[in-house]
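Read the structure below first, then the notes.
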Amino acid sequence: MNISTALLLADLTGVAVFAASGASAAVAKRLDLFGVVFVGFVAALGGGIFRDLVIDEAPPLAFADWRYAATAAVTAAVVFRLHPQFARLRTTVLVLDAAGLGLFTVTGTLKALDAQVPAVGACVIGMLTAIGGGLGRDLLTAEIPVVLRREIYAVAALAGAVLVAVLDALGRTNAGWLTAAAAFVFLLRLVSLRRRWSAPVAPARP
Amino acid sequence: MNISTALLLADLTGVAVFAASGASAAVAKRLDLFGVVFVGFVAALGGGIFRDLVIDEAPPLAFADWRYAATAAVTAAVVFRLHPQFARLRTTVLVLDAAGLGLFTVTGTLKALDAQVPAVGACVIGMLTAIGGGLGRDLLTAEIPVVLRREIYAVAALAGAVLVAVLDALGRTNAGWLTAAAAFVFLLRLVSLRRRWSAPVAPARP
Amino acid sequence: MNISTALLLADLTGVAVFAASGASAAVAKRLDLFGVVFVGFVAALGGGIFRDLVIDEAPPLAFADWRYAATAAVTAAVVFRLHPQFARLRTTVLVLDAAGLGLFTVTGTLKALDAQVPAVGACVIGMLTAIGGGLGRDLLTAEIPVVLRREIYAVAALAGAVLVAVLDALGRTNAGWLTAAAAFVFLLRLVSLRRRWSAPVAPARP
């Protein structure tokens, strides 16, 4: 298995994980089969579509390579069928979701840097690639996006994006370092879940 | 009347119908005149703007040709004025809306195929062109998008988009076949309304 | 100080003001520090990102020039820290917000005209540049966008955009006239706030 095959497999794993999270939220809101698949599609591919629009890659990868849409749709349909069992996999999903977060942060930031976006902008784009799908999922199900309310989620993505930008500035964007950056996001997310770390909230007004 | 005039008229009819549906939802939410016109604009043109962003047609047709924005704005303003009477036209609106759905599906899918988007991606873009305005309308009025919850709406659009992609692969994208594809979406939507078909919903958890 | 420095300063002032409005709304919804910064970012830069996507300027200015993201993030973080004091500055914020509205209307419309968008489309894009951030802020905090419900806000932006398009048609887009157009939006907004002008709402159905 060469590197580009490995990357594609990793990417599609991220798509599947995010599609499962979107589909799960949609089932909980009593959406129909189409709605579940659609929210799964948005959760899995929304961040990447936004990234590609911003760096002017047309059409976005989600529309250019059918395996992305197919992976998202099939995963969401399976979640729809298996939902009661799926609910018991909650911990597994959180772990896979953290892996997807790490992966999408790294590929999103790299793609933006490759498209000549300056470092600060590329970090924001990388973070948005990773959290954009979850934002879309929550907007479609009429929730205030969970990433804005709780836990170290987007912050882990942003920290990983900064790490990728630093590696890029040092000329160290090889497979080993990039995997380490993705693993850093993954672990930071898992540790913050485990320790219930979260960002501060402003005190309620008296 | 030549073909491009016929297409423009058909397209503007779709814009007017979707603008009416958006304006009607906005009046029901007690938005002001501007809000009603704005939601009408989004409902009529949001799907096409998304399509044009994705296939990198700049500026999007909604901004490049003033007749689109004007049709949407005038229609929405008329609905604002006539709302009580308009409410009685509910069946008419549903029929016209089904016609708009068929039309936007066909033109959206075709444009994406013309822009070299592969078939699966083009079908998704075609469907999103047709349902995107309704999604925007529901997001702006703080509702879970109705197309995700009920009835064969997006599914009819997706089926029509697949039909257009098949016609394209067979080299059969002439006016007759494309009209037939639009009519297919239109009829599928009307029959599903009539028979109260809908996509399945996952069973509530015990 | 030359003109481009003056424009940049004015632009960043607009960014700061809109970031403050977004951050303030996010604090009120009890979002965490990251959420507050994120909503501030969207409120300050969302309109411009949409504008740049539509006129195909890639990457959008918000990602191409780090000073935009930095201004938005720092302002939002300061609001998060100082929120109780900030609440007392409500009138100041409304005045600054009106200034931001005028500025973003003028720069948005001009950029669209420069990108060869026809006049009607350029006016809509200019208005969306000015109100887009506020729309994004309200969507993220699960509110029906306030610009759709009340007061002469978007209408002031639209009037200013039309003024810019007329100046452009007359070949009068020099600094003096453009400042006058921004001031016109600013004053129209302030007067409508003062006099409690608002757009009409459809009568409730009996």
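Odds and ends about this structure:
Think of it as A, B and C in the order they're written, each chain with its own count starting at 1.
The working rule: contacts are C-beta pairs under 8 Å (C-beta built on N, C-alpha and C of every residue); 3 or more make two chains touch, one makes a residue touch a chain.
Keep in mind the model is a prediction, meaning the values are calculated, not measured.
If you draw each protein chain as a dot and join the dots that touch, every dot ends up joined to every other dot.
Relative orientation of chain A with respect to chain B corresponds to a rotation of 120°, obtained by superposing CA atoms and rounded to a multiple of 5.
Look at the contact of chain A with chain C and you find different residues on each copy: under half of the numbers used there are shared. Chain A and chain C have Cα centroids separated by 29 Å. With touch defined as above, residues shared between interfaces to two or more other chains in chain A number as follows: 53, 56, 139, 142. Taken together, the chain B residues at the contact with chain C in this complex read 26-27, 29-36, 38-39, 41, 49, 53, 56, 58-60, 62-66, 69-70, 80, 83-84, 87, 139-142. If you check the complex, the residues on chain B that touch chain A are 53-56, 112, 115-122, 124-125, 135, 139, 142-145, 147-150, 154-155, 198-202, 204-205.
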